[in-house]
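As structure tokens, here come the structures.
Both complexes shown next keep subunit A, but they swap its partner, so subunit B is in the first and subunit C is in the second.
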Partner chain A sequence: MAKPKRVRVMPAKRNLELIMLLFTFGVYAFALAQVQLATIQVLNPEAWFFWSVPVVLALGFHFLLRLKASDADPLLLPIGFFLNSLGIVMIYRLDLAKPMADLDRTVGQRQVIWMAVAMLIAGAILWGIKNHLSLRKYIYISMAVGALLLVLPLLPVIGKTVSGAHLWVNLGPLSFQPGELAKIALTIFFAGYLTSRRESLAVVGRKVLGIRIPPARELGPIAFIWLASLAVLVLQRDLGTSLLYFGLFLVLIYVATARAFYVFVGLIMFVSGAVIASKFMSYVGGRLDGWLDPLNDANYSAVGGSYQIVQSMFGLAHGGLFGTGLGGGLPQIVPLANSDFIVSAIGEELGLVGIFAVLAMYLLLVARALRVANAHSDDFSKLLAVGLGFVIALQVFIVIGGVFRVVPLTGLTTPLLAAGGSSLVANWIIIALLLRLSDTLPKAGTVN
Partner chain B sequence: MSELALFIVRAGFLLVLWLFILSIISIIRADLFSERVLSRVVEKNIPTAVSSPTTGLTNIADFSSAPESATVVSAMNSLPTKLVVIAGPLIGTDLVLDRREIRIGRAPNSDFVLDDDYVSSQHARIQKVDDGWLLQDLNSTNGTYVDGQRIGAPVSIKRDMQIRIGKTTFELRG
Partner chain C sequence: MTPEIRRVANVILLMFLSLFIAASAMQVVNADSLNNDSRNQRAVFDGYKTQRGAILVDNNPIAESNSSNDAYHFLRKYTGEQYSAITGFYSLYQGRTGLENYLDNSLRGDNSAQFFEQLNALFSGNPVTGASVELSIDEKVQQVAWDALGNNKGAVIAMDPTTGRIIALVSKPGFDANLLSTHNTADASANYKKLLTRKDAPLINRAIGGDLYAPGSVFKLVVASAAFESGKYTPQSTLPNPRKYTLPGTKTTITNSGESNCGGAPKVSIATALKLSCNIPFAQLGIALGQDAIAAQAKKFGFGETVTIPMKSTPSVYPTGMDDSQTGLSSFGQFDVRVSPLQMVMVASAIANDGIQMQPYLVDQIFTSNLTLLQQTKPTEIRRSISTSTAESVKKMMIAAVASGVSSNARIPGVEVAGKTGTAENGVGEPYTLWFTGFAPAKNPKVAIAVVVENGGGFGQSGRGNSVAAPIAKKVMQAVLGK
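== the complex of A and B ==
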């Protein structure tokens, strides 16, 4: 018989979450004050609105978790809030830098309101879905919903084209990017579909040169997803979205089957498809040229050329290692600094040190998702958690990689940071689902 | 603002950012660490013959609800060892809990096959966790009930709890 041993006890999860949230509230107030003092030299009561609304929302969400998901991961909410509030600070700061005559100086306010909408929807989802396994009943419905959301922007009347990409839908005064929500629906579908097919995808097939080639009929779905993502590329003229969906599918099929074959074949298929598309579509070709040789004058002055990326490079160089301080740089020179290029604005004002902090946040967020996946014991939950984590990871890689010239620049939003309502709603729903997944973990007797 | 004050504010903000990240990492570390300590203690206590009946012992120690006094003495010895059918067509049947996972359902490859129209092919499963047995409903059509309540999230089951699946009611014994 073993000696009595004390079990190490962690503070209750929700208390931990509250402490971390209070920390982020402080950081947020600090950042807002810094921005106001550096740009308008006074503390303006406007800051009170920017601070109080998100804080009240986050506290409300926290108490909802106490009631409805008391065992959920304590770090997801603070990390999500931190990224979102940092985004609001940068967007507000860019608003302040615009001339008084500019009509569009309320992007920051709108972002706060969208954050409210997003957190309310996320809260409702957390309330409504008691067990994520119930989502498995709806995998074909979510496939249909995902496909419908993808097609919506192509429809006449409601479809809207912004800088060449058909990604938006007009809803009266608002415009919405349905593709952002489609990624959640498709994650649920991929997870459910691969849960039922994984055996046959993983085991069947004959060996050629030591590699097990699956039978042709098992490659059908992959070919279908490949064609669908190429269709997104060609019809919606958006490389980032198409890369995101296909990448997500490859990640999940790899996780489900542990066969690198699918990843190789998938990558070869996607790259060859994209190369062929770039020959026929000036949009893709221009992005490739701007990536490979941005300082070339022909690319720099071309319409949709590398002007934006070059300005961002200058901005990042201006920021250097420690940045110019919030409100101290000139990030407004970069076009679309508050949405696609928000990391470049952060990089200029907070420097490499600040950018690494932001990347570390994303890394921790994805790591929590993978931890949840690892701790679950059934395939559907595992795949769903990995999928939701990788939606964020892939998107961060594609966007931030594009801004920093690691990969060609594509139009995707930076999760939780960039200005844009649809993206905020989608990412808060992802956080709500991850919270639900972490709450239903088989309990191991410890607090976590 | 003077240059020095500006510098302090700038540096201070970056410092705060990284303090936040480091505190998150320290939480994750503590989380991993506490889990490892616990599982090691429990493994040491796994008895060689799980199926040996150990009657007269109280319920297993519940670490999460009584953390101050929680000890792991004989935690595994007091675990139930059998799943007994107390009502339904298979009344009296029992299954020795000698594995980590028991699948219950209509499918012939389940560990406990229930030939009942109200049972889904993969209906529920019981898993061994560090401090006991965990019952999880596998999204069945007609649900799994513990003491009359339909369960959503996995629940930890103990002796004297009545688990109903379709027409069959189980109890943990031994």
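== the complex of A and C ==
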């Protein structure tokens, strides 16, 4: 079918985007001022650095979109900027807090630099990839890259262990969490692989106990991914990462084949695998106790026990409905408040309403991704958009759910909020890919 | 693929819904219990973020927060040990007691009456300054009471019987609350340990409970009231007056205090028995009335209740399920009857105030840092404890007890004083607990008082309520009346 000729019209979506960006710039400026006034009681020119660098970058990104993807979704960039800048505000605020110990006071500045790096990489990707369909050519390279990234932290010398989990690599002075980038490579691989194999995977096989079982040879890939996920769990010692990849795969195979069978079998396999693995790994048991009964004194005072989550709970309760206001709380009491527990810091100072706002932003981001998936007509685009959206949703669920005790704590990062370069780079790449996906939607000749 | 994507969207929605619910549960529903967890440092830091209000006596601070050059911004300072039973202490890691505890919300500015200030603080970012508290205590009387107790362990509580305003409240030994409010946590915790393990227990507020005392003869006021309220007795009703009395069902004999003959007549009136504080007639009277009638009267005086002044008192106890011999013993305040000085001053006050018992209170006013009045205490009745005629009868007997009876050391020249002493035994060889309770002037009462002195006032078993407690009460009442 011949596509209708594309007509460049007034980029209404870009104008909308610009207006929303200007709002977020204003909110960001107020938040920075509030942080300085509440913690050091004066406005400090340092705020200009924190404000201007991200704002210039976002404007640059915006004009890049006008040039290279003028039909892209107008919400994605403002949402990404909002969450990223809120994260910087919170990290900067924690830098300014009266130190409880000898803490690194430059995390906020480095987060700004990382945001710049991340947005430049995302911009380059947007510039370089004219159409995401070209990614289909690289699905097996993606698989190899993804696998390599997953293995990196386990290698000697460069591998680094943080609180029991092997998720990090050292590259000179920088440390990096390659699993963050792996999730993108694996999403591309899953989407491409499932696009080409969906027919055979969806083939109806024999019926056993009323359930249709696909032919045995088609179970190979799912078994392989299952084993790989368990390997991640056992070797990297992190349930969250393992669950993220496996959950992503299950959702994509379900969307590709419409077979709920895969989800059931997959979940049963994963849960039983995780339970068996936990029997052999002592740290899992401690994490579970700390999750189920954190206020218990024994768990609270145990090494690696529930001290951290309990401190976070105290902070969140302290914040209550409206929060203490930026700079008014004591989020620095919670260990790792600027990374793993940044949501707890936000909840303490901006209250439940702040948490709801953040969750709503994530939900909107994911909803835009699913909307793009729905609007595309080809399988690869659909799967890629669902995968990118779901990987954010699942990661948010696992991390924030960990803070609010819906699930046990894991080592994943909070997308766009938490301090850390790899996470920012990965999530801005996801936003770039979603922007590209939304720009290449089939058009009916007009801008809707 | 579209229906599958929609189902995935529903799953994502459910995942987020669980986050919304879990966040609401933690930040709102369970917030109070988390905020009150003793391991939660935030409440401690929070308390130091605002300037805590002062506790004032006659406009002079007895506890106030001054700027300190450390992370806590403010240091709590106390003026003297004579107020420790009132203020309690406010400490970083030992928590808080006394008014510091019971008025914490007001003092730190978290009172619902300060709603608009809090609203203002929410938008301006300036913390609410704590409210200050003006007490009903009279500085001079408090000092006199503190000095009059001397080196004794014990308590004095004086109040206006017609309003319930507490004029003096002293518990000895006191403690220096500055030792606990210091921000040096090592010092504070060492000081706390020292105070906690001291044999004379300075952290106990003897005036309102913590420990209760056997009342001895001051309890006869309750028994006499019960007798007159029953309608079967008047002050002139007589009872047998033997020198020795064998408690029913036992071989235990009791005597009057000092083996006195209680006037020597074969029969003695209740009025004379109270004036001379004879145990034998009151044991018989109590047995005849029965423990239920006495228990009912005790309850009407407030036994068994916690009184909030706003510190909470320990409820006084009249035992249940006694046999006749135990009822007999309890009728002159022995066996397991246990009272606080606050309870006894409430009994005396009800008698003084024509039978009406007023709610005792320590706080006159609470006002904000810009002197806006938040709360003004108005006197409130608790209940009618006894009829006007009973109050009149008991009052007359108490006047006689001071004027011509065994409570003579409370006499004040030119003032008619009503009173009753008590000398309670605490077991074989143990020193006595010495009491005085009463009021003055008898016809137009301005002050009701209860004094308790532990350990026989240093005289072991030769200490008497009249020799030790009554003179203390006299000095305090004189200070109130300006005589």
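Quick note on the criterion: the second predicted complex is superposed on the first by the 427 of 448 C-alpha atoms of A that agree within 3 Å, B and C clash if a C-alpha of one lies under 4 Å from a C-alpha of the other, contacts with A are read in each partner's own complex, and residues count from 1 in each chain.
One rule holds in what follows: contacts are C-beta pairs under 8 Å (C-beta built on N, C-alpha and C of every residue); 3 or more make two chains touch, one makes a residue touch a chain.
Computed from a predicted model, the values in this text were never measured in an experiment.
In the superposed pair of complexes, A:60 makes contact with neither subunit B nor subunit C.
Contact with both subunit B and subunit C is seen for A:351 once the two complexes are overlaid on the shared chain. Applying the stated contact rule after C-alpha superposition, one finds that A:159 touches neither subunit B nor subunit C.
In the superposed model, A:20 lies in contact with subunit B only, and not with subunit C.
After overlaying the two complexes on the shared chain, residue contacts for A:37 are found with subunit B and with subunit C alike.
In the superposition on chain A, contact of A:328 is made with both subunit B and subunit C.
Of the two partner chains placed around the shared chain by superposition, subunit C is the only one that A:300 touches, whereas subunit B remains out of contact. When the two complexes are superposed on chain A, the residues of subunit A that touch both subunit B and subunit C are 34, 37-38, 322, 325, 328, 351, 367. Looking at the complex, you find that subunit C touches subunit A at residues 1-5, 7-9, 11-13, 15-16, 18-20, 22-28, 30-32, 34-35, 37, 39-42, 45-46, 71, 122, 125.
Taken together, the subunit A residues at the contact with subunit C in this complex read 34, 37-38, 98, 251, 254-256, 258, 295, 300, 310, 313-322, 325, 328-330, 333, 347, 351-352, 355-356, 359, 362-363, 366-367, 370, 373-374, 379, 382-383, 386, 389-390, 393-394, 396-397, 400-401, 404-406. Subunit A contributes residues 1-10, 16, 20, 23-24, 26-27, 30-31, 34, 37-38, 74-75, 78-79, 82, 130-131, 133-134, 136-137, 322-326, 328, 350-351, 353-354, 357, 360-361, 364, 367, 377-378, 439-440, 442-448 to its touches with subunit B in the complex. Subunit B makes touch with subunit A in their complex at residues 1, 6, 9-14, 16-18, 20-21, 23-25, 27-28, 30-31, 33-35, 37-39, 41-42, 44-45, 62-64, 67-68, 70-74, 101, 127, 129-132, 134, 136-139, 152-154, 156.
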